[in-house]
Amino acid sequence: MAPLDDTRLADLVALYEDLHRHPELGFQETRTAAEAARRLTAYGYDVTTGIGVTGVTGVLRNGPGPVVLLRADMDALPVTEHSGLAYASRTPGRMHACGHDVHVTCLLGAAELLAAARDRWSGTLVVLFQPAEEVGNGARAMLDDGLYSKGLVPVPDVVLAQHVAPFGAGLIAYCPGACMAAADSLEITFHGTGGHGSRPETTVDPILMAASFVQRVQSVVAREVAPREQAVVSVGSFHAGDSANVIPDQAVVRLSVRSFDETVRTRVLAAVDRIARAEATASGADRAPETKILDSFPVTVNDTRTLRQVNAEFTQLFGEQRLFAYDPAAGSEDAGLLATAAEAPLYYWWLGGWDPDEFRTAFAAGRLAQDIPSNHSPHFVPVVRPTLTMGVQALTAAALNRLAAPAR
Amino acid sequence: MAPLDDTRLADLVALYEDLHRHPELGFQETRTAAEAARRLTAYGYDVTTGIGVTGVTGVLRNGPGPVVLLRADMDALPVTEHSGLAYASRTPGRMHACGHDVHVTCLLGAAELLAAARDRWSGTLVVLFQPAEEVGNGARAMLDDGLYSKGLVPVPDVVLAQHVAPFGAGLIAYCPGACMAAADSLEITFHGTGGHGSRPETTVDPILMAASFVQRVQSVVAREVAPREQAVVSVGSFHAGDSANVIPDQAVVRLSVRSFDETVRTRVLAAVDRIARAEATASGADRAPETKILDSFPVTVNDTRTLRQVNAEFTQLFGEQRLFAYDPAAGSEDAGLLATAAEAPLYYWWLGGWDPDEFRTAFAAGRLAQDIPSNHSPHFVPVVRPTLTMGVQALTAAALNRLAAPAR
Amino acid sequence: MAPLDDTRLADLVALYEDLHRHPELGFQETRTAAEAARRLTAYGYDVTTGIGVTGVTGVLRNGPGPVVLLRADMDALPVTEHSGLAYASRTPGRMHACGHDVHVTCLLGAAELLAAARDRWSGTLVVLFQPAEEVGNGARAMLDDGLYSKGLVPVPDVVLAQHVAPFGAGLIAYCPGACMAAADSLEITFHGTGGHGSRPETTVDPILMAASFVQRVQSVVAREVAPREQAVVSVGSFHAGDSANVIPDQAVVRLSVRSFDETVRTRVLAAVDRIARAEATASGADRAPETKILDSFPVTVNDTRTLRQVNAEFTQLFGEQRLFAYDPAAGSEDAGLLATAAEAPLYYWWLGGWDPDEFRTAFAAGRLAQDIPSNHSPHFVPVVRPTLTMGVQALTAAALNRLAAPAR
Amino acid sequence: MAPLDDTRLADLVALYEDLHRHPELGFQETRTAAEAARRLTAYGYDVTTGIGVTGVTGVLRNGPGPVVLLRADMDALPVTEHSGLAYASRTPGRMHACGHDVHVTCLLGAAELLAAARDRWSGTLVVLFQPAEEVGNGARAMLDDGLYSKGLVPVPDVVLAQHVAPFGAGLIAYCPGACMAAADSLEITFHGTGGHGSRPETTVDPILMAASFVQRVQSVVAREVAPREQAVVSVGSFHAGDSANVIPDQAVVRLSVRSFDETVRTRVLAAVDRIARAEATASGADRAPETKILDSFPVTVNDTRTLRQVNAEFTQLFGEQRLFAYDPAAGSEDAGLLATAAEAPLYYWWLGGWDPDEFRTAFAAGRLAQDIPSNHSPHFVPVVRPTLTMGVQALTAAALNRLAAPAR
């Protein structure tokens, strides 16, 4: 197939640096989306734009065979870059600090290679550029906009995605089964009835109500989740009242729930809601608490069979020593929604983005936390060429592995 | 009027010692009731027995005028007497340790005097011997049995009662307004779902449920009762489970509520119930907790006007130095039900039952708690003659004060 | 004695309107203090200024006899006046909404009358203008500055003060014993160790710590205060954290404690502190919580004997129908410190400041809360002439009652 | 080597039935111990008895090579047998319901075979019969009695043990690493100061103290244990007080802690203790709570290398289909103490004890829980011959695998 030659790599490096210079927040990725659409069209894909506000898809129908969907996310973060690089962000307070620029660049690179090599495979290729992964809404927005239901793209038989991470470039890390946690952030407003602190009997005290909730909600993990189910419920903020002397009307609590299994997640969220309501009842509140979902990520579950098949391809191509197994991460991701909505298997792998020597040195010195910036850090900028090279090759190889062989 | 002469007093002393020897628990006062009925009949009263199981009434209609009800309670306590007296209880584990034998004796003495002196007053006299005051059910049982509603006695215009207490015999103590607390004892059974301690997720933990109730119920007094309203909620027992390792099916909590005002009482009991239910809901219990009322006493409220009028009579008869004001007591009493059911005023006073010198010596030495047994003590036996003398005179004088003068 | 004639009253009305126009917050009462000092000097008092920043005293030594201290507070409130009066506040966001301008005016009026009538009494008169009553620091600041300890004024034998309130002008209300609550406002900072919400095991959660405190502190009133002792503990604010997902480093709680007895107050404050520390320990915090006292008022206790003696004077002067008894108020006041520091009795009475007809009409219609602005309201402006007249006369009469008769 | 021929098997069956008929509770296994000692002596072992009350060891020194310790536990349970078997327990309320009779029989069978085959191996064989496994004290008692420290047996290089379980006889189940939980049962007595329910201010309420502990201790798992660490803290009993109306002096709580890692266990136990103490402090108790350890089992950790080596032997001998991997169990065991005290690796496997067809049928029907009694059930009686046959062979094979080959 068409190799990732120097010309192509130079073009991708230029693309990457341009994207890095121009980070865009979730649902505002208009410049990025336009570039993706322009290139996909040039490569011969049927392109649709504006799915879920700024999402872009390209479809390449190439004979009978499976529909393979490759996904990249496009949004940047509200972080001020401190990398000092020539191609650092030009927008203050915005940065591609999670490497989505790598994802977009690699997917466009793979899209070009796969289009150029269409005699090497049969089936349908869907490449998808998703908005707003950081706030957990982008994949959902594309689905709600009719991605599958209105046939904007054919429903995939498999979904493939990758994410750059702070380990040696050239390496791929994989985790079978549940590999990233579901994460739900909630805001609960407890309604009491305020009054003067000297006359509590005329009030319904929302601070006691919310404090009782905080204490009682500890029992969800302690009593309602089996040890092996591994959920976390953390209250991150609590705000109520202004003065020592006046009982306020309401208390607002924000909490996050992490879980690694959909039934556990459902059970925990139901328990949180049940306890919040019961605490309002216990306080004699007239009004039930209101719960707002701030963001919501599903569990990311890698299909073990797909993972094994694609890893076999990786092993053959890159060598066994380039792959290593990884424990489930506490972070969260919405790529899985594109697979579950299609009832298709997912394989989502980690792509090394760091200078291997630098990484090894830090690792040996036990200084990973200090010396290697992690995702969301203002210093998180992958080493460009080896990362892009491996990222394009991995996506291409994975897609070819899942597509059919060309009919002879 | 007919004086409480030596013969009459000797008879009353004999009656008292006999009653003291034969204490009977609530609703089992058959021997006491029979003696009361026998004597009332002999004195000329219309007697009804078996009201509220063992209650007895005697009615003496004596011309136009108010209906005055005098009340005594008959039941003894499950206490083993340690008085060492010749006339000590002959029934092991039973004792008149709260002086109800004094009440019965004095009321029979007054009934005889008032019957003998019927030319001195006009109106209707009702004397009532009530069962089961100690468990809070006796007055209620008589009312439920139709005391007023079925016309077993005429509805009184005033209710008068006295209680012997550990201060100098010959003295009367009074407290206007709310003089004794309402007291409600509840047993709440919280229903969970038991299971092995290593698998809490298969259970609904009733111990956490009940513990949360215990903690949350503190807020009733702290938040829902105004400082001046003075209520108390105390959990006195908590029982659940056998072993460290097995989560039980239920937890049983007993608590008592004291209050000095009917609306506060209602509010507090409702709050306790609301919190118990809410904690079951918070735990995800299938079944609401069950609340059993163990006993229930109303607030005892002395009518200030009646108190003042009767006290004027006492002052005239006994001298000013024999009366003293007393703070509301935390104890409870059901005499008030007989008044509230009749919408009649109540006056309930305390009758001194102790040797005055002994009391004064203990008081002066600051040894009241050590040297003077209080009600319910196995050593609580009043000094007989002075107590009975004052008790009979006080009841008689109070009744005469409330009855009309005879028509000339 | 010299009457409060029309000229004097006109002068006081002008003084009052001027003070009302120029409200000054606590410790900034420089204009008010200067006027007080100027007038006291003119009346023949020995004047000291700058005690406790802005406090002013005037001393008039007039032969043998008791030292009588009359006190007024000078500070205004951070309230925007909505009275629409010609003499309304000229400083936006500042208003004499608690009537301290009345207090200053009346005390200067009384100071003049008493100086003019020095042949009518013997003893030493101290008039004191105190800063910063509203924040509870002014009396304390004057004492700390050496008011008594450095002999800035002679130590008084009695302290007299009055406060204008929303009832009919011409009336005086009194409350023997504890008449205003002690009030302490606290801010407690709980120190945890923050971290990511998905890794609570690396943190010490300050929100759970403070929430547990809020719940546990309910037990202070429910368990550690007798019903008749009447304390209140209310948490008025709770602030911690920003996001759902990050456990913060600290939580800050503000609460107020009200009590009517110094030993209860001490016990409650100690219990609050004990529970705050224990909750930090329960959470495994490295660092104990920090408690900051935001403000602190003592119980205001009227000496019953002094009250009776002064009231006898009031009755004689104004007639019995001008005095009425009042229940203890939940509000707080620091005048009592000037008495307790001198081990002298205090009498602090309420002075009516409202149009009597208007008040009666509102009272009869059950519309007091709606129609009569209470202290701290932006509409709280007393009716001038009758209020000042009665205020000057009451102070003068009370002082004369407590001073000695002139030697003949 | 000497086979487990019919004669030997018949003897073991008789031994097993005799042991089953005569179950003995922990530290009372005198009859069982005597039989073990008698047989070991007959087989040529150096026997020591009375170690840790009733423990027995036999040592067979057979040339250079490793010291291999085989362990069986001897104690029965306080269960009434309902098996209806001819050889059912003859002691009411006592039963070998956990199969320790199987363990003793198999170990004696293996001891005989290995002694008879001493030309087939070189090294030292230690067979150990331990008391009181069920209450977690037996291994500890033998160690404390000087098992290794006083040289009662040579310190082993490896410890091997097996436990019969409700799956098909002929099968062996294994679990590498932590295979059984640590379990600690605690009883905490909270000391308050009792008093009448109407006067909580004179008490320190132990029910509120313990209830607060129950609620706060939920946070140990919710906040102080990482999701993957998998601990459980369950309160199984709570007892305090008798009546609704009297605040008792103390509250007694029993709880169990399960964990799969020694550092987690230490951390959780410290947190439980810290919270108990802090709650007593929060309540203002004079006296710290007292914690009694009811029983305590360590984590049972299989050495992965030893497990693999022995399993290779099993596979060769019995065939691959006879071994299967098993998840860590929530139950607990004290065999591991014998290994950790010797700093030796442990391999502890599960031995099938059920009729294979019966098991398969129940499994296929999803009726395992209903049809197959589990350990501690009054119906738990293994199928004798196949269980003993496999148990003797497994122990023998494992020992031979770990002993040295004989010198030629």
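Order of writing sets the chain letters: A, B, C and D. Residues in each chain are counted from 1.
As a convention for this text, contacts are C-beta pairs under 8 Å (C-beta built on N, C-alpha and C of every residue); 3 or more make two chains touch, one makes a residue touch a chain.
Please read all numbers here as calculations on a predicted model, not as lab measurements.
Chains making contact with chain B as well as with chain C: A, D. Chain centres here are C-alpha means, and the one lying farthest from chain C is D.
Centre-to-centre separation between chain A and chain B, using Cα means, comes to 71 Å.
One finds 59 Å separating the Cα centroids of chain A and chain C.
For the pair chain A and chain D, the distance between C-alpha centroids works out to 46 Å. Across the assembly, chain B contributes 199-200, 205, 208, 212, 215-216, 218-219, 222-223, 232, 258 as residues in contact with two or more other chains.
Residue ranges on chain D touching chain B, taken from their complex, read 181, 183, 185-187, 196-200, 205, 207-208, 210-212, 214-215, 218, 232, 234-248, 251, 254-256, 258, 294, 330.
Per the touch definition, chain B reaches chain C in the complex via residues 215-216, 218-223, 227-228, 230-233, 258. Listing the residues of chain D that touch chain C in their complex gives 199-201, 203, 205, 208, 212, 216, 219, 222-226, 229, 271, 274-275, 277-279, 281-284.
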